[in-house]
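Input: a single structure, listed below in structure tokens.
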Amino acid sequence: GFANVDLHRPKRQGFPEVVFGEGKTADQIIAIVRTLKEHDDRVLVTRVTQDKAAAVRALFPELVYHDVARLLYWKKEQAKTKETDAYIAVICAGTSDLGVAEEAAITAEMFDCEVRRFYDVGVAGIHRLFHHIEAIRAATVSIVVAGMEGALPSVVSGLVSHPVIAVPTSVGYGAHFQGLSALLTMLNSCAPGISVVNIDNGFGGGYSAALIHRLACQKG
Amino acid sequence: GFANVDLHRPKRQGFPEVVFGEGKTADQIIAIVRTLKEHDDRVLVTRVTQDKAAAVRALFPELVYHDVARLLYWKKEQAKTKETDAYIAVICAGTSDLGVAEEAAITAEMFDCEVRRFYDVGVAGIHRLFHHIEAIRAATVSIVVAGMEGALPSVVSGLVSHPVIAVPTSVGYGAHFQGLSALLTMLNSCAPGISVVNIDNGFGGGYSAALIHRLACQKG
Amino acid sequence: GFANVDLHRPKRQGFPEVVFGEGKTADQIIAIVRTLKEHDDRVLVTRVTQDKAAAVRALFPELVYHDVARLLYWKKEQAKTKETDAYIAVICAGTSDLGVAEEAAITAEMFDCEVRRFYDVGVAGIHRLFHHIEAIRAATVSIVVAGMEGALPSVVSGLVSHPVIAVPTSVGYGAHFQGLSALLTMLNSCAPGISVVNIDNGFGGGYSAALIHRLACQKG
Amino acid sequence: GFANVDLHRPKRQGFPEVVFGEGKTADQIIAIVRTLKEHDDRVLVTRVTQDKAAAVRALFPELVYHDVARLLYWKKEQAKTKETDAYIAVICAGTSDLGVAEEAAITAEMFDCEVRRFYDVGVAGIHRLFHHIEAIRAATVSIVVAGMEGALPSVVSGLVSHPVIAVPTSVGYGAHFQGLSALLTMLNSCAPGISVVNIDNGFGGGYSAALIHRLACQKG
Amino acid sequence: GFANVDLHRPKRQGFPEVVFGEGKTADQIIAIVRTLKEHDDRVLVTRVTQDKAAAVRALFPELVYHDVARLLYWKKEQAKTKETDAYIAVICAGTSDLGVAEEAAITAEMFDCEVRRFYDVGVAGIHRLFHHIEAIRAATVSIVVAGMEGALPSVVSGLVSHPVIAVPTSVGYGAHFQGLSALLTMLNSCAPGISVVNIDNGFGGGYSAALIHRLACQKG
Amino acid sequence: GFANVDLHRPKRQGFPEVVFGEGKTADQIIAIVRTLKEHDDRVLVTRVTQDKAAAVRALFPELVYHDVARLLYWKKEQAKTKETDAYIAVICAGTSDLGVAEEAAITAEMFDCEVRRFYDVGVAGIHRLFHHIEAIRAATVSIVVAGMEGALPSVVSGLVSHPVIAVPTSVGYGAHFQGLSALLTMLNSCAPGISVVNIDNGFGGGYSAALIHRLACQKG
Amino acid sequence: GFANVDLHRPKRQGFPEVVFGEGKTADQIIAIVRTLKEHDDRVLVTRVTQDKAAAVRALFPELVYHDVARLLYWKKEQAKTKETDAYIAVICAGTSDLGVAEEAAITAEMFDCEVRRFYDVGVAGIHRLFHHIEAIRAATVSIVVAGMEGALPSVVSGLVSHPVIAVPTSVGYGAHFQGLSALLTMLNSCAPGISVVNIDNGFGGGYSAALIHRLACQKG
Amino acid sequence: GFANVDLHRPKRQGFPEVVFGEGKTADQIIAIVRTLKEHDDRVLVTRVTQDKAAAVRALFPELVYHDVARLLYWKKEQAKTKETDAYIAVICAGTSDLGVAEEAAITAEMFDCEVRRFYDVGVAGIHRLFHHIEAIRAATVSIVVAGMEGALPSVVSGLVSHPVIAVPTSVGYGAHFQGLSALLTMLNSCAPGISVVNIDNGFGGGYSAALIHRLACQKG
């Protein structure tokens, strides 16, 4: 058919191929989901509109749709569940960043990570971050999501001793250039220990964090 | 002559014309300084190299040259001095931002403002800022100078109740684009109360702050 | 809940948190407005569409909606009113800049400033500006709003002796790049005393001006 | 040889080919000048460094070198001289724009136009422009040269009834981006009647103005 | 009212103010048209949608609407008509550039210029241009409109001896960046005698050409 | 003094502050190194020129200088050494990327990580990568350094199951824009599991990898 | 009429003019198609929406519409058909690039080339490409279509010995900038033998490949 | 060693690896040249400065250095020579583009292609191109090199029926942005049949043309 699903991934990378839903028709997504469900124990489709989700769920009602994160997903009952107290911290600056933060959090959960959420704690009122700093410090890795000037990852990274994955969002206007400003901020951070994914790429942030978390949990 | 010095300024704006030294020859600067000294009680030339400064000072040894700020300046003895306890806070993120911070501080001092300096207090080690926060809060206006990701003005502005003038610097590399990244950060700040001047424009920051400070001091 | 409203602001900054309405649902705005009304004596929501405004006003009919400025706001009857003759000048270049100019003017009024408006006085017919120049000179601070080439703040700043806050707008086309051209013009002004806020950020301009105006009015 | 000089130009366009000196060796310039002198009654080479000029003048001492404009030129004694009172106004904003303004003025003179210069009359002290406005209004066409925010052409064009050629310069720093800011300003001018040439392209401005001036002088 | 129409223009510049229709409501346009009709002998409104045009014409049926050029205009019967054989050449590269070319042509006609049109003669089939070259050479000034790579003005300018006004259009896709590519091409032309207006600014091109044409026609 | 070294870092983050050598004078570096040596068991200075390194080593000959990586560093004899077989893979595309790759590798080694190097294995001859793929797969984390089109991290990440830190370099020319092209490539990778640091930021890549490696090694 | 169809092309270039459908009305397309059908043995219109295609096909039902490639086309029965086993390889990275890949493939077929398609073989799962590498190596020329990071042409070009035409697509988001990222990747490829067409320009890629293929087939 | 020369290339691609000389030391180049000379019958190093060339030639005097093209090269006596009348046309717009044009021409010659040069035939004097058009039409493929506005490939491609490889150069100033303007022009050409390589990438243009030329010559 038109698609050439990469079914070697679980073997090669430990996780099945995730479907990029944007720009695919509902029919294309249905065909790919069918193939994946036959071979894998979980399915994740990103950037799915409500309409397409409804069309897919008409055939596969066991898939869950999360409309803020725009994710469509399913995990086999017997799929591996976490066996550790360790968790990933997902932190976001403003309420407008919620969609991207949830995309990151659910992606990580899909790959068997425990997640704790710390939302609306941006630098304009920095006491809100300090309120949670001990719980954040205890995480294995932080995913920090921010739009506007995107300063939050720098502040967080200066306060913790674990890796920080920064996710810029397109929330902003004017000289924000659809997230470019926040992206540049994060790439130029003076606080070391930050690495960055694409604008609005909650999935990418969640996935990289899950890889790191898996390393932290594969204890002796 | 080639130049048309704006001698109405002290009347129109309260401050004499400041000379933009970049791209002017030593001879051009000397000619302008001569005219200004005849009419005004102070002279300020910005962005002057060491060589040009020496050439000018050979003729006008009373001018002071500050090599970090690259300023050349002089004030008549009897020029108005401050009559108030109020001060401007000049804050900078890293030691590499010193030149721009000093350009701002000395500019403000040239226009009869009291200044207090808070240097190397960037967000990567945010406790350094908190250490001085009470003294900063007590200022009339803050000039916050930062390169790299330029996050410091957002944090400061969230903690004070006076206006913040943000000055991005070209300190950084790669996706910093000679200060563009820091500039965008400051324009997109989620903390209100910040206005921004051009990259490395310490003079502009100092001048705007001096105008604000003058308003604050013209009490009753 | 999803939001973490910063209720310390009046204490920390003298003004309550202003809500960024863009990208928030009507329900989210309603929840935040409810919290704010319980704690503060005024509420301001920016960038609100007509539809969302109607939904919020169905529950809080005391809120006023200004459709050109896209602001939704309310002040307690007993809220502090001005006690001074001083005023902020809000100046705009063309009739297309009205929305942003009004956002600035009303924001300043919300924070208890007196405002005088000087509209459609752009540089293409500069006699229109000169007509009002005495009244503008008498202000504490000017907010100058301009799209297209954004030259107005330079001309104004050369004629007054108080601080100028420049607000670029996205009015223009072609090589205007949604306001980038006007923004750059303002950042590069050869007239000192100008500081700049983000494109279309009338709120930011009004807020910064209000902070400066407050300093000017706290007379002895 | 390596070059293919366009000797049809005087016939096709009324003016001989002008040599772009940048990136050519002194030897290449000498070879081209030799060919041009054999066929034409004038020679103009732009963007010539002092060193190259000296090398060329060693062989052709009759060529004049102007070091501010970086032009090398020569006109046959009997070359056509002006027969009219009409003149082009060359206006510049600051003393740092002198080089580009002179490149424009001399180019126009090379093509037999009368020129009047109005220098250092930028918008930060706009009274300096008004001082000369009647003489400017009487020109056939204005060339307006400006760096920094580049606002001067808008103001001039609003005050005259002839065409304005705007020449942005690379004078500025930070978010000026080597003249891009001034260029955008001029392209977005709200005052009609302005057309624009490349950054620092004094030659192009002078040439276009000369073409217009020639039309104005070819009276009945 | 909200607008401050510049009624001095005919005196100052020989042409009345032209209305920028984009971003104005039908009601705003009606109010301005009413004022202008009272004082001037012609009215021109640019960038008017079909809907707004209909609303204005309901009140002022004597106004003509041109839907390709998106212009709304009217001239008093007794308004000055041309008294010369001279004409402006309006040249465009592809059929997709028609709207901008017509905006330029009609603007010039509104200001009493004779116009001749040469359309769809782009460089991909350059014999189409050569077919008309004698008639183009005979014009006073050429307006050359082109999108895509925008190469046509360079070719035309190399073949004529009069000024060329280049108008880039936003026709193109991908790395065209809404006309930026064509704009840069025109600014960097190796053929002298070209000056440039903003992307899609047919009005600006027509207006500048009209000013030049007027000079050429004011013979003896 | 001028600098405000962040001495809390080892406590807060497990690693001492690293000095950004660019733009600091030799004297400033010496002062900071002196302070750090008094408090910490290792010192790392980045982006140091040969001249400055010599000046520092005149006083502190125990510091090592690596001229390709432009690093200056020192570790106390008794500083913690690795206790594990695990290693970080440092991979680079071309020989021109060596400097940045070494900056990353040595940074990681400074923070007690084992490192294996795989150099000059870019995608133009992809068999060179496959030759080493088993050893790369066995690493805890890969740092992939590439200039030009920067495609290598995508290929590597598709073949391994651990996190990939991508470091774009400024090696390239023309439309490479000093590394921007490679940076964008890495941010847009279709292979998940990649996060990115600034252009030429070998230090940042090494530091982030070290944080991840530490997690992987803190077994049971 | 409004259009000036270039009917010399088959003589000059061997292929008739192709119509750029974007921004043309159905009526304009109909008029051009009518002219072309009278003179040529094939017609190709690019970037046609479903609606316009239906309107054209109402009059010319013999035209075929391909809705993924958005092409409208027709070939006379007796039009030349291929006389060779040689073929062009059309390769694409992901299923979202299908539209552009089909535009390229059908364009090549319209100009009498044999085509073989290799779809969804992007670098994230590079074994999919290796699976087809022998068939790809046997082609005369490859058209490689890719969005996201656009790394596929580099990998293909390193494995084949024929020319590669790279076509970047606008598939991606965030720092992809509508295909700019993929375009830059391809221009900066370290693998020689790649030349690039505009973003989403499947037509241009197919046309250039057809010219090359024609050379390869004109054997002895 | 540090480098991992790709010695499979002649087998895989028919041509040996070409060395990118920029950013390599003379010693590195010497080491690579030694390896290549042992395995291949020709060596080509690009972007070599005069100094490095001298150092390499001290050891390998049989290598030729071309200082305009900045190439260093050598071919074994018995290396294959051309057996056909077919040739590649290398066309350039101005004398400043000579270096890049020669880089392209010599690269093609190194890979056994016959080349004819047509230099200084830019669009400002288009008759110069027409003078040579028949010889250009007879080529198998054209390499068109142009800086400034980069319009030449469009004009050439409209006149020939073979593929055109366009090479933008960084010759220009101001809004040329080091070749970006010419690059965009070429990518947006309205004349089909053009594909583009990186700015100043004469090597890439010559290599792609050689691959095409080889196809054209492998006759029956």
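Read from first to last, the chains carry the letters A, B, C, D, E, F, G and H; within each, the first residue is number 1.
Methods note: contacts are C-beta pairs under 8 Å (C-beta built on N, C-alpha and C of every residue); 3 or more make two chains touch, one makes a residue touch a chain.
Since the structure is predicted, the reported quantities are computational estimates derived from the model, not experimental observations.
Participant: Where in B-F, B-C or F-G does the B-D interface recur, with over half of the contact pairs identical by residue number?
Facilitator: It is B-F that reproduces the contact pattern of B-D.
Participant: Indicate the whole-number Å distance between the mean C-alpha point of chain D and the mean C-alpha point of chain H.
Facilitator: 36
Participant: From the mean C-alpha coordinate of chain A to that of chain D, what's the distance rounded to whole Å?
Facilitator: For chain A versus chain D, the centre distance works out to 57 Å.
Participant: Counting in whole Å, what is the centre-to-centre distance of chain A and chain H, each centre being its mean C-alpha position?
Facilitator: 46
Participant: Give the residues of chain B touching no fewer than two other chains, as numbers and ranges.
Facilitator: 20, 94, 124-125, 158-159, 174-176, 180, 183, 187-188, 190, 192, 198
Participant: Please list, in label order, each pair of chains that touches.
Facilitator: A-B, A-C, A-F, A-G, B-C, B-D, B-F, C-D, C-E, D-E, D-H, E-G, E-H, F-G, F-H, G-H
Participant: Hey, which residues of chain G end up touching chain H in the complex?
Facilitator: 12-14, 18, 20, 140-141, 158-163, 165, 183, 187-188, 190, 192-198, 203-205, 207-208, 211-212, 215-216, 218-220
Participant: Taking the complex as given, what residues does chain D use to touch chain B?
Facilitator: Counting only chain D, the residues touching chain B are 94-96, 98, 119-121, 124-125, 127-128, 171, 173-176.
Participant: Touching residues of chain E toward chain C in the complex: what are they?
Facilitator: Residue list for chain E touching chain C: 2-4, 6, 8-9, 17, 20, 22-24, 28, 168, 170, 178-180, 183, 198-201.
Participant: Any idea which chain F residues touch chain G in the complex?
Facilitator: The contact residues of chain F facing chain G are 93-94, 122-126, 148-151, 154-155, 157-159, 172, 174-177, 180-182, 184-192.
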